[in-house]
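Chain nomenclature is as follows: A, B, C and D, assigned in order of appearance, with residue numbering initiated at 1 for each chain independently.
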Amino acid sequence: MRLRVRYAECDPFGVAHHSSYVPWLEEGRTELLRTTGVTYAQLEREGVFLVITKLELKYRRPVRYDDLVEIRSHVVGGSRIKIRHTYEVALVERLGAAPDPSDPAIPSDGVCAIASSELACVDQNGRPRALPGWLAS
Amino acid sequence: MRLRVRYAECDPFGVAHHSSYVPWLEEGRTELLRTTGVTYAQLEREGVFLVITKLELKYRRPVRYDDLVEIRSHVVGGSRIKIRHTYEVALVERLGAAPDPSDPAIPSDGVCAIASSELACVDQNGRPRALPGWLAS
Amino acid sequence: MRLRVRYAECDPFGVAHHSSYVPWLEEGRTELLRTTGVTYAQLEREGVFLVITKLELKYRRPVRYDDLVEIRSHVVGGSRIKIRHTYEVALVERLGAAPDPSDPAIPSDGVCAIASSELACVDQNGRPRALPGWLAS
Amino acid sequence: MRLRVRYAECDPFGVAHHSSYVPWLEEGRTELLRTTGVTYAQLEREGVFLVITKLELKYRRPVRYDDLVEIRSHVVGGSRIKIRHTYEVALVERLGAAPDPSDPAIPSDGVCAIASSELACVDQNGRPRALPGWLAS
(Lines give C-alpha, C1' and ligand atoms only; values in the text may rest on other atoms or scores of the structure.)
Protein backbone atom coordinates (compact mmCIF):
# COMPACT_ATOMS: atom_id res chain seq x y z
CA MET A 1 0.00 0.00 0.00
CA ARG A 2 1.48 3.33 -1.10
CA LEU A 3 0.48 6.86 -0.25
CA ARG A 4 1.75 10.34 -0.85
CA VAL A 5 2.47 12.47 2.23
CA ARG A 6 -0.09 15.29 2.37
CA TYR A 7 0.82 18.93 3.12
CA ALA A 8 -1.73 18.90 5.95
CA GLU A 9 0.12 15.92 7.48
CA CYS A 10 3.39 17.88 7.83
CA ASP A 11 4.43 20.22 10.61
CA PRO A 12 6.44 23.46 10.99
CA PHE A 13 9.68 21.44 11.10
CA GLY A 14 8.85 20.52 7.48
CA VAL A 15 8.34 16.80 8.02
CA ALA A 16 5.36 14.49 8.47
CA HIS A 17 4.05 15.02 12.01
CA HIS A 18 4.46 11.90 14.13
CA SER A 19 0.69 11.63 14.61
CA SER A 20 0.16 11.38 10.85
CA TYR A 21 1.71 7.92 10.74
CA VAL A 22 -1.07 6.42 12.89
CA PRO A 23 -3.84 6.62 10.25
CA TRP A 24 -1.31 5.32 7.68
CA LEU A 25 -0.78 2.17 9.74
CA GLU A 26 -4.54 1.75 10.05
CA GLU A 27 -4.86 2.08 6.28
CA GLY A 28 -2.02 -0.44 5.88
CA ARG A 29 -3.69 -3.16 7.95
CA THR A 30 -7.07 -2.37 6.34
CA GLU A 31 -5.65 -2.95 2.87
CA LEU A 32 -3.92 -6.11 4.11
CA LEU A 33 -7.31 -7.39 5.30
CA ARG A 34 -8.89 -6.46 1.94
CA THR A 35 -6.42 -8.79 0.19
CA THR A 36 -8.07 -11.69 2.07
CA GLY A 37 -11.34 -10.85 0.33
CA VAL A 38 -13.05 -9.28 3.34
CA THR A 39 -13.18 -5.59 4.21
CA TYR A 40 -13.23 -4.11 7.68
CA ALA A 41 -16.46 -2.35 6.71
CA GLN A 42 -18.02 -5.82 6.19
CA LEU A 43 -16.72 -7.04 9.55
CA GLU A 44 -18.36 -4.11 11.31
CA ARG A 45 -21.68 -4.80 9.59
CA GLU A 46 -21.47 -8.33 11.02
CA GLY A 47 -20.89 -7.00 14.54
CA VAL A 48 -17.15 -7.64 14.61
CA PHE A 49 -15.18 -4.60 15.77
CA LEU A 50 -11.41 -4.44 16.14
CA VAL A 51 -10.17 -1.92 18.69
CA ILE A 52 -6.56 -1.04 19.23
CA THR A 53 -5.14 -1.84 22.65
CA LYS A 54 -1.44 -1.19 22.09
CA LEU A 55 0.63 0.79 19.63
CA GLU A 56 4.38 1.29 19.38
CA LEU A 57 6.24 3.44 16.87
CA LYS A 58 9.93 4.01 16.29
CA TYR A 59 10.82 6.96 14.10
CA ARG A 60 14.22 6.48 12.44
CA ARG A 61 14.28 9.27 9.85
CA PRO A 62 11.61 11.81 8.92
CA VAL A 63 9.54 11.58 5.76
CA ARG A 64 8.62 14.81 4.03
CA TYR A 65 5.80 16.49 2.15
CA ASP A 66 5.10 14.88 -1.24
CA ASP A 67 7.24 11.82 -0.47
CA LEU A 68 5.76 8.59 -1.75
CA VAL A 69 5.86 6.01 1.04
CA GLU A 70 5.01 2.34 1.21
CA ILE A 71 3.25 0.93 4.27
CA ARG A 72 4.24 -2.73 4.68
CA SER A 73 1.92 -4.50 7.14
CA HIS A 74 2.25 -8.03 8.48
CA VAL A 75 0.18 -10.19 10.82
CA VAL A 76 2.70 -11.58 13.31
CA GLY A 77 0.54 -13.39 15.81
CA GLY A 78 -2.44 -13.16 18.03
CA SER A 79 -4.90 -15.36 19.82
CA ARG A 80 -8.60 -16.20 19.84
CA ILE A 81 -9.38 -12.54 20.57
CA LYS A 82 -6.29 -10.56 19.54
CA ILE A 83 -4.30 -9.78 16.39
CA ARG A 84 -0.77 -8.43 16.33
CA HIS A 85 0.70 -6.54 13.39
CA THR A 86 4.08 -5.09 12.55
CA TYR A 87 4.67 -2.33 10.02
CA GLU A 88 7.42 -0.66 8.05
CA VAL A 89 7.09 2.82 6.58
CA ALA A 90 9.48 2.86 3.63
CA LEU A 91 10.39 5.78 1.42
CA VAL A 92 10.00 4.90 -2.26
CA GLU A 93 10.12 8.29 -4.00
CA ARG A 94 11.36 11.76 -3.00
CA LEU A 95 11.33 14.80 -5.28
CA GLY A 96 10.03 12.62 -8.10
CA ALA A 97 12.88 10.12 -7.99
CA ALA A 98 13.93 6.97 -6.18
CA PRO A 99 15.68 7.82 -2.89
CA ASP A 100 19.41 8.46 -3.19
CA PRO A 101 21.21 5.62 -1.30
CA SER A 102 24.13 7.93 -0.46
CA ASP A 103 21.84 10.45 1.28
CA PRO A 104 22.49 10.24 5.05
CA ALA A 105 18.95 11.52 5.70
CA ILE A 106 17.56 8.20 4.45
CA PRO A 107 18.26 4.80 6.04
CA SER A 108 20.06 2.47 3.64
CA ASP A 109 17.04 0.12 3.55
CA GLY A 110 14.68 3.04 3.04
CA VAL A 111 12.70 2.14 6.16
CA CYS A 112 12.04 5.45 7.94
CA ALA A 113 9.80 4.10 10.71
CA ILE A 114 8.74 0.78 12.19
CA ALA A 115 5.72 0.04 14.32
CA SER A 116 3.63 -2.67 15.94
CA SER A 117 0.08 -2.86 17.18
CA GLU A 118 -2.30 -5.15 19.05
CA LEU A 119 -6.01 -5.23 18.21
CA ALA A 120 -8.73 -6.80 20.34
CA CYS A 121 -12.01 -8.10 18.99
CA VAL A 122 -15.14 -6.65 20.61
CA ASP A 123 -18.85 -6.55 19.92
CA GLN A 124 -20.92 -3.44 19.20
CA ASN A 125 -21.02 -2.64 22.91
CA GLY A 126 -17.28 -2.92 23.35
CA ARG A 127 -17.37 -6.28 25.14
CA PRO A 128 -14.62 -8.78 24.25
CA ARG A 129 -15.67 -11.49 21.81
CA ALA A 130 -13.90 -14.17 19.83
CA LEU A 131 -12.50 -13.34 16.41
CA PRO A 132 -14.22 -15.01 13.46
CA GLY A 133 -12.48 -18.36 13.04
CA TRP A 134 -10.77 -17.52 9.76
CA LEU A 135 -9.17 -14.42 11.33
CA ALA A 136 -7.99 -16.04 14.58
CA SER A 137 -4.52 -17.53 14.75
CA MET B 1 -14.01 29.92 23.81
CA ARG B 2 -10.22 30.05 23.67
CA LEU B 3 -7.72 27.49 22.48
CA ARG B 4 -4.01 27.25 21.92
CA VAL B 5 -2.85 26.34 18.41
CA ARG B 6 -1.30 22.86 18.49
CA TYR B 7 1.99 21.97 16.78
CA ALA B 8 0.19 19.16 14.96
CA GLU B 9 -2.26 21.75 13.57
CA CYS B 10 0.50 23.72 11.83
CA ASP B 11 2.07 23.09 8.45
CA PRO B 12 5.51 23.41 6.80
CA PHE B 13 4.85 27.10 6.10
CA GLY B 14 4.86 27.48 9.90
CA VAL B 15 1.23 28.50 10.32
CA ALA B 16 -1.98 26.77 11.30
CA HIS B 17 -3.08 24.66 8.33
CA HIS B 18 -6.34 25.93 6.86
CA SER B 19 -8.07 22.62 7.64
CA SER B 20 -7.31 23.02 11.37
CA TYR B 21 -9.79 25.88 11.68
CA VAL B 22 -12.76 23.62 10.86
CA PRO B 23 -12.73 21.64 14.13
CA TRP B 24 -12.18 24.94 16.01
CA LEU B 25 -15.42 26.34 14.56
CA GLU B 26 -17.21 23.13 15.55
CA GLU B 27 -15.86 23.49 19.07
CA GLY B 28 -16.95 27.14 19.07
CA ARG B 29 -20.59 26.38 18.20
CA THR B 30 -20.58 23.40 20.60
CA GLU B 31 -19.51 25.61 23.50
CA LEU B 32 -22.08 28.23 22.46
CA LEU B 33 -24.77 25.53 22.68
CA ARG B 34 -23.45 24.44 26.09
CA THR B 35 -24.09 27.96 27.44
CA THR B 36 -27.82 27.34 26.81
CA GLY B 37 -27.67 24.45 29.26
CA VAL B 38 -27.83 21.68 26.68
CA THR B 39 -24.91 19.81 25.14
CA TYR B 40 -24.70 18.45 21.63
CA ALA B 41 -23.99 15.04 23.19
CA GLN B 42 -27.44 15.23 24.86
CA LEU B 43 -29.11 16.22 21.60
CA GLU B 44 -27.63 13.17 19.86
CA ARG B 45 -28.88 10.88 22.63
CA GLU B 46 -32.38 12.27 21.97
CA GLY B 47 -32.10 11.51 18.26
CA VAL B 48 -31.37 15.07 17.15
CA PHE B 49 -28.37 15.28 14.84
CA LEU B 50 -27.01 18.46 13.29
CA VAL B 51 -25.14 17.96 10.03
CA ILE B 52 -23.26 20.65 8.21
CA THR B 53 -24.54 21.57 4.75
CA LYS B 54 -22.48 24.67 3.99
CA LEU B 55 -19.23 26.16 5.22
CA GLU B 56 -17.39 29.31 4.18
CA LEU B 57 -14.05 30.54 5.50
CA LYS B 58 -12.07 33.68 4.76
CA TYR B 59 -8.47 33.64 5.91
CA ARG B 60 -7.18 37.19 6.48
CA ARG B 61 -3.89 36.57 8.29
CA PRO B 62 -2.30 33.33 9.48
CA VAL B 63 -2.24 32.25 13.11
CA ARG B 64 0.83 30.40 14.34
CA TYR B 65 1.90 27.58 16.62
CA ASP B 66 1.30 28.35 20.32
CA ASP B 67 -0.90 31.38 19.56
CA LEU B 68 -3.87 31.71 21.87
CA VAL B 69 -6.97 32.32 19.77
CA GLU B 70 -10.56 33.09 20.63
CA ILE B 71 -13.39 31.54 18.64
CA ARG B 72 -16.40 33.86 18.69
CA SER B 73 -19.54 32.07 17.50
CA HIS B 74 -22.95 33.59 16.87
CA VAL B 75 -26.32 32.20 15.78
CA VAL B 76 -27.44 34.49 12.98
CA GLY B 77 -30.59 32.87 11.72
CA GLY B 78 -32.11 29.70 10.53
CA SER B 79 -35.48 28.10 10.08
CA ARG B 80 -37.55 25.19 11.35
CA ILE B 81 -34.81 22.80 10.19
CA LYS B 82 -31.64 24.89 9.79
CA ILE B 83 -29.28 26.95 11.93
CA ARG B 84 -26.83 29.52 10.60
CA HIS B 85 -23.72 30.60 12.49
CA THR B 86 -20.98 33.15 11.91
CA TYR B 87 -17.56 33.00 13.52
CA GLU B 88 -14.51 35.11 14.14
CA VAL B 89 -11.09 33.63 14.90
CA ALA B 90 -9.29 36.34 16.89
CA LEU B 91 -5.69 36.34 18.06
CA VAL B 92 -5.48 37.11 21.77
CA GLU B 93 -1.89 36.14 22.65
CA ARG B 94 1.30 35.54 20.63
CA LEU B 95 4.69 34.70 22.15
CA GLY B 96 3.20 35.05 25.61
CA ALA B 97 1.95 38.62 25.12
CA ALA B 98 -1.04 40.51 23.74
CA PRO B 99 -0.68 41.00 19.97
CA ASP B 100 1.28 44.10 18.96
CA PRO B 101 -1.18 46.49 17.22
CA SER B 102 1.61 47.91 15.05
CA ASP B 103 2.48 44.47 13.65
CA PRO B 104 1.36 44.37 10.00
CA ALA B 105 1.04 40.58 10.24
CA ILE B 106 -1.99 41.01 12.51
CA PRO B 107 -5.23 42.75 11.50
CA SER B 108 -5.90 45.83 13.66
CA ASP B 109 -9.01 44.19 15.17
CA GLY B 110 -7.10 40.95 15.78
CA VAL B 111 -9.58 38.95 13.68
CA CYS B 112 -7.45 36.61 11.56
CA ALA B 113 -10.29 34.64 9.96
CA ILE B 114 -14.05 34.83 9.60
CA ALA B 115 -16.44 32.03 8.73
CA SER B 116 -20.06 31.01 8.42
CA SER B 117 -21.87 27.70 8.42
CA GLU B 118 -25.30 26.20 7.89
CA LEU B 119 -26.44 23.14 9.83
CA ALA B 120 -29.46 20.97 9.04
CA CYS B 121 -31.33 18.90 11.58
CA VAL B 122 -31.66 15.19 10.75
CA ASP B 123 -32.67 12.01 12.53
CA GLN B 124 -30.42 9.02 13.21
CA ASN B 125 -30.91 7.84 9.63
CA GLY B 126 -29.97 11.18 8.11
CA ARG B 127 -33.55 12.15 7.18
CA PRO B 128 -34.51 15.83 7.66
CA ARG B 129 -36.51 16.53 10.80
CA ALA B 130 -37.62 19.66 12.64
CA LEU B 131 -35.32 21.22 15.19
CA PRO B 132 -36.46 21.01 18.82
CA GLY B 133 -38.69 24.07 19.33
CA TRP B 134 -36.32 25.87 21.68
CA LEU B 135 -33.50 25.65 19.09
CA ALA B 136 -35.52 26.72 16.04
CA SER B 137 -35.68 30.38 15.12
CA MET C 1 -7.51 11.77 -8.26
CA ARG C 2 -9.15 9.02 -6.22
CA LEU C 3 -8.88 8.20 -2.55
CA ARG C 4 -10.46 5.83 -0.11
CA VAL C 5 -12.15 7.37 2.94
CA ARG C 6 -10.12 6.50 6.05
CA TYR C 7 -11.67 5.29 9.31
CA ALA C 8 -9.86 8.10 11.13
CA GLU C 9 -11.59 10.59 8.80
CA CYS C 10 -15.08 9.50 9.89
CA ASP C 11 -17.06 10.64 12.90
CA PRO C 12 -19.54 9.15 15.41
CA PHE C 13 -22.40 9.74 12.97
CA GLY C 14 -20.63 7.17 10.76
CA VAL C 15 -19.74 9.49 7.90
CA ALA C 16 -16.66 11.41 6.78
CA HIS C 17 -16.28 14.39 9.11
CA HIS C 18 -16.76 17.67 7.25
CA SER C 19 -13.20 18.75 8.11
CA SER C 20 -11.78 15.68 6.34
CA TYR C 21 -12.77 17.04 2.93
CA VAL C 22 -10.37 20.00 3.23
CA PRO C 23 -7.12 18.01 2.88
CA TRP C 24 -8.78 16.04 0.03
CA LEU C 25 -9.34 19.28 -1.91
CA GLU C 26 -5.71 20.26 -1.27
CA GLU C 27 -4.59 16.90 -2.59
CA GLY C 28 -6.88 17.35 -5.61
CA ARG C 29 -5.37 20.69 -6.65
CA THR C 30 -1.85 19.40 -5.89
CA GLU C 31 -2.34 16.47 -8.27
CA LEU C 32 -3.86 18.82 -10.86
CA LEU C 33 -0.68 20.93 -10.65
CA ARG C 34 1.47 17.79 -10.98
CA THR C 35 -0.18 17.04 -14.33
CA THR C 36 1.40 20.29 -15.63
CA GLY C 37 4.82 18.84 -14.91
CA VAL C 38 5.56 20.93 -11.83
CA THR C 39 4.97 19.95 -8.21
CA TYR C 40 4.01 22.25 -5.39
CA ALA C 41 7.11 21.02 -3.54
CA GLN C 42 9.21 22.45 -6.41
CA LEU C 43 7.35 25.77 -6.30
CA GLU C 44 8.11 26.11 -2.58
CA ARG C 45 11.80 25.42 -3.19
CA GLU C 46 11.76 28.32 -5.67
CA GLY C 47 10.20 30.65 -3.10
CA VAL C 48 6.67 30.49 -4.48
CA PHE C 49 4.08 29.75 -1.78
CA LEU C 50 0.34 29.47 -2.35
CA VAL C 51 -1.79 30.29 0.68
CA ILE C 52 -5.52 29.84 0.86
CA THR C 53 -7.57 32.99 1.33
CA LYS C 54 -11.10 31.68 0.79
CA LEU C 55 -12.80 28.31 0.95
CA GLU C 56 -16.42 27.32 0.38
CA LEU C 57 -17.93 23.86 0.71
CA LYS C 58 -21.42 22.56 0.09
CA TYR C 59 -22.18 19.13 1.48
CA ARG C 60 -25.00 17.47 -0.46
CA ARG C 61 -24.84 13.88 0.81
CA PRO C 62 -22.41 12.22 3.22
CA VAL C 63 -19.66 9.88 2.10
CA ARG C 64 -18.81 6.96 4.34
CA TYR C 65 -15.89 4.91 5.62
CA ASP C 66 -14.21 2.85 2.88
CA ASP C 67 -16.02 4.70 0.08
CA LEU C 68 -13.85 5.33 -2.95
CA VAL C 69 -14.24 8.98 -3.96
CA GLU C 70 -12.95 11.00 -6.87
CA ILE C 71 -11.78 14.57 -6.35
CA ARG C 72 -12.31 16.54 -9.56
CA SER C 73 -10.41 19.83 -9.47
CA HIS C 74 -10.54 22.64 -12.01
CA VAL C 75 -8.80 26.00 -12.37
CA VAL C 76 -11.60 28.47 -13.07
CA GLY C 77 -9.84 31.79 -13.03
CA GLY C 78 -7.53 34.03 -11.14
CA SER C 79 -5.27 36.97 -11.70
CA ARG C 80 -1.60 37.92 -11.57
CA ILE C 81 -1.52 36.89 -7.89
CA LYS C 82 -4.54 34.62 -7.35
CA ILE C 83 -5.83 31.25 -8.53
CA ARG C 84 -9.40 30.07 -8.20
CA HIS C 85 -10.40 26.39 -8.19
CA THR C 86 -13.66 24.51 -8.09
CA TYR C 87 -14.02 20.91 -6.95
CA GLU C 88 -16.44 18.02 -7.01
CA VAL C 89 -16.27 15.13 -4.57
CA ALA C 90 -17.89 12.22 -6.40
CA LEU C 91 -18.67 8.77 -5.05
CA VAL C 92 -17.31 6.07 -7.36
CA GLU C 93 -17.50 2.93 -5.21
CA ARG C 94 -19.40 1.94 -2.04
CA LEU C 95 -19.26 -1.49 -0.41
CA GLY C 96 -17.06 -2.69 -3.25
CA ALA C 97 -19.49 -1.80 -6.03
CA ALA C 98 -20.48 1.13 -8.20
CA PRO C 99 -23.04 3.32 -6.40
CA ASP C 100 -26.65 2.25 -6.83
CA PRO C 101 -28.43 4.97 -8.87
CA SER C 102 -31.75 4.20 -7.16
CA ASP C 103 -30.28 4.82 -3.69
CA PRO C 104 -31.77 8.09 -2.36
CA ALA C 105 -28.68 8.52 -0.16
CA ILE C 106 -26.61 9.24 -3.26
CA PRO C 107 -27.17 12.15 -5.68
CA SER C 108 -28.01 10.92 -9.19
CA ASP C 109 -24.76 12.40 -10.56
CA GLY C 110 -22.78 10.88 -7.69
CA VAL C 111 -21.48 14.30 -6.64
CA CYS C 112 -21.71 14.35 -2.84
CA ALA C 113 -20.01 17.70 -2.26
CA ILE C 114 -18.88 20.74 -4.24
CA ALA C 115 -16.35 23.34 -3.24
CA SER C 116 -14.35 26.34 -4.38
CA SER C 117 -11.18 28.01 -3.17
CA GLU C 118 -9.01 31.05 -3.78
CA LEU C 119 -5.24 30.90 -3.37
CA ALA C 120 -2.88 33.87 -3.17
CA CYS C 121 0.77 33.78 -4.13
CA VAL C 122 3.21 34.93 -1.43
CA ASP C 123 6.94 34.80 -0.79
CA GLN C 124 8.66 32.98 2.06
CA ASN C 125 7.78 35.83 4.43
CA GLY C 126 4.11 35.80 3.50
CA ARG C 127 4.25 38.98 1.39
CA PRO C 128 2.15 39.03 -1.81
CA ARG C 129 4.11 38.35 -4.97
CA ALA C 130 3.23 37.68 -8.60
CA LEU C 131 2.56 34.13 -9.70
CA PRO C 132 5.13 32.59 -12.04
CA GLY C 133 4.03 33.62 -15.54
CA TRP C 134 3.04 30.11 -16.65
CA LEU C 135 0.69 29.77 -13.65
CA ALA C 136 -0.98 33.19 -13.89
CA SER C 137 -4.14 33.59 -15.93
CA MET D 1 -3.72 19.99 31.41
CA ARG D 2 -7.37 19.27 30.59
CA LEU D 3 -9.13 19.13 27.28
CA ARG D 4 -12.54 18.24 25.96
CA VAL D 5 -12.71 15.49 23.35
CA ARG D 6 -13.74 17.01 20.01
CA TYR D 7 -16.38 15.50 17.72
CA ALA D 8 -13.84 15.52 14.89
CA GLU D 9 -11.51 13.42 17.09
CA CYS D 10 -14.05 10.58 17.39
CA ASP D 11 -14.69 7.73 14.98
CA PRO D 12 -17.66 5.68 13.73
CA PHE D 13 -17.38 3.40 16.78
CA GLY D 14 -18.33 6.50 18.78
CA VAL D 15 -15.07 6.87 20.71
CA ALA D 16 -11.96 9.00 20.38
CA HIS D 17 -9.91 7.59 17.49
CA HIS D 18 -6.61 6.17 18.70
CA SER D 19 -4.66 8.67 16.58
CA SER D 20 -6.32 11.59 18.39
CA TYR D 21 -4.40 10.83 21.59
CA VAL D 22 -1.04 11.62 19.96
CA PRO D 23 -1.55 15.41 19.69
CA TRP D 24 -2.98 15.35 23.25
CA LEU D 25 0.28 13.89 24.57
CA GLU D 26 2.23 16.53 22.65
CA GLU D 27 0.06 19.23 24.19
CA GLY D 28 0.60 17.62 27.62
CA ARG D 29 4.41 17.74 27.43
CA THR D 30 4.27 21.25 25.90
CA GLU D 31 2.25 22.55 28.84
CA LEU D 32 4.60 20.75 31.24
CA LEU D 33 7.51 22.61 29.62
CA ARG D 34 5.61 25.91 29.90
CA THR D 35 5.43 25.46 33.69
CA THR D 36 9.26 25.73 33.74
CA GLY D 37 8.96 29.22 32.30
CA VAL D 38 10.09 28.34 28.77
CA THR D 39 7.89 27.51 25.81
CA TYR D 40 8.69 25.11 23.01
CA ALA D 41 8.12 27.99 20.58
CA GLN D 42 11.03 29.82 22.30
CA LEU D 43 13.26 26.75 22.09
CA GLU D 44 12.67 26.52 18.34
CA ARG D 45 13.54 30.18 17.87
CA GLU D 46 16.87 29.42 19.61
CA GLY D 47 17.57 26.54 17.23
CA VAL D 48 16.61 23.76 19.65
CA PHE D 49 14.22 21.24 18.11
CA LEU D 50 12.83 18.18 19.87
CA VAL D 51 11.86 15.34 17.55
CA ILE D 52 10.08 12.21 18.65
CA THR D 53 11.99 8.96 18.20
CA LYS D 54 9.75 6.53 20.07
CA LEU D 55 6.13 6.42 21.15
CA GLU D 56 4.17 3.76 23.00
CA LEU D 57 0.48 3.83 23.87
CA LYS D 58 -1.70 1.41 25.81
CA TYR D 59 -5.42 1.92 25.45
CA ARG D 60 -7.30 0.55 28.47
CA ARG D 61 -10.80 1.96 27.97
CA PRO D 62 -12.15 4.32 25.33
CA VAL D 63 -12.90 7.97 25.98
CA ARG D 64 -15.87 9.50 24.22
CA TYR D 65 -17.05 12.67 22.53
CA ASP D 66 -17.43 15.60 24.97
CA ASP D 67 -15.55 13.78 27.77
CA LEU D 68 -13.28 16.05 29.77
CA VAL D 69 -9.89 14.36 30.09
CA GLU D 70 -6.75 15.23 31.97
CA ILE D 71 -3.34 14.64 30.39
CA ARG D 72 -0.79 13.98 33.14
CA SER D 73 2.76 14.25 31.80
CA HIS D 74 5.98 13.45 33.62
CA VAL D 75 9.66 13.64 32.71
CA VAL D 76 11.07 10.27 33.73
CA GLY D 77 14.62 10.40 32.48
CA GLY D 78 16.82 11.12 29.57
CA SER D 79 20.39 11.95 28.75
CA ARG D 80 22.49 14.74 27.29
CA ILE D 81 20.46 14.51 24.07
CA LYS D 82 17.21 12.72 24.96
CA ILE D 83 14.15 13.24 27.15
CA ARG D 84 11.75 10.53 28.21
CA HIS D 85 8.16 11.20 29.26
CA THR D 86 5.30 9.10 30.59
CA TYR D 87 1.66 10.09 30.36
CA GLU D 88 -1.73 9.19 31.77
CA VAL D 89 -4.98 10.08 30.04
CA ALA D 90 -7.56 10.26 32.83
CA LEU D 91 -11.29 10.77 32.52
CA VAL D 92 -12.47 13.59 34.78
CA GLU D 93 -15.98 14.30 33.49
CA ARG D 94 -18.50 12.41 31.35
CA LEU D 95 -22.00 13.67 30.50
CA GLY D 96 -21.40 16.71 32.68
CA ALA D 97 -20.60 14.74 35.85
CA ALA D 98 -17.67 13.05 37.57
CA PRO D 99 -17.21 9.51 36.25
CA ASP D 100 -19.29 6.87 38.00
CA PRO D 101 -16.86 4.55 39.88
CA SER D 102 -19.25 1.60 39.51
CA ASP D 103 -19.29 1.91 35.71
CA PRO D 104 -17.34 -1.05 34.28
CA ALA D 105 -16.56 1.03 31.18
CA ILE D 106 -14.22 3.21 33.26
CA PRO D 107 -11.11 1.95 35.08
CA SER D 108 -11.38 2.44 38.85
CA ASP D 109 -8.52 4.96 38.81
CA GLY D 110 -10.05 6.79 35.82
CA VAL D 111 -6.90 6.26 33.75
CA CYS D 112 -8.14 5.27 30.29
CA ALA D 113 -4.74 5.21 28.54
CA ILE D 114 -1.06 5.34 29.41
CA ALA D 115 1.83 6.25 27.16
CA SER D 116 5.52 6.97 26.98
CA SER D 117 7.74 8.81 24.53
CA GLU D 118 11.36 9.57 23.79
CA LEU D 119 12.42 12.86 22.25
CA ALA D 120 15.83 13.64 20.74
CA CYS D 121 17.33 17.09 20.50
CA VAL D 122 18.35 18.20 17.00
CA ASP D 123 19.36 21.42 15.27
CA GLN D 124 17.46 23.13 12.46
CA ASN D 125 18.93 20.67 9.96
CA GLY D 126 17.91 17.62 11.97
CA ARG D 127 21.43 16.83 13.23
CA PRO D 128 21.73 15.62 16.84
CA ARG D 129 22.82 18.28 19.30
CA ALA D 130 23.03 18.52 23.08
CA LEU D 131 20.02 19.66 25.03
CA PRO D 132 20.31 23.06 26.71
CA GLY D 133 21.92 22.36 30.13
CA TRP D 134 18.85 23.18 32.18
CA LEU D 135 16.74 20.66 30.17
CA ALA D 136 19.26 17.79 30.22
CA SER D 137 19.12 15.25 33.02
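The working rule: a residue touches a chain if its C-beta (ideal position, glycine included) is under 8 Å from a C-beta of that chain, and two chains touch if they have at least 3 such contacts.
Computed from a predicted structure; not experimentally measured.
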| item | value |
| --- | --- |
| Furthest chain, CA centroid comparison against subunit B | A |
| Higher-contact pair (C-beta pairs counted), B-D versus A-D | A-D |
| Inter-centroid spacing, subunit D versus subunit B (mean Cα positions, whole Å) | 24 |
| Length of the line joining the C-alpha centres of subunit A and subunit D, rounded to whole Å | 21 |
| In subunit C, residues with contacts to at least two other chains | 7-8, 12, 19, 22-23, 26, 65 |
| Residues of subunit D that touch subunit C when the two form their complex | 7-8, 10-12, 14, 17, 19, 65 |
| Subunit D - residues contacting subunit B, complex | 4, 6-9, 22-23, 26-27, 30, 39-42, 65-66, 95-96 |
| Subunit B residues within the subunit C interface of the complex | 12-13, 18-19, 22-23, 26, 44, 49, 51-59, 62, 105, 126 |
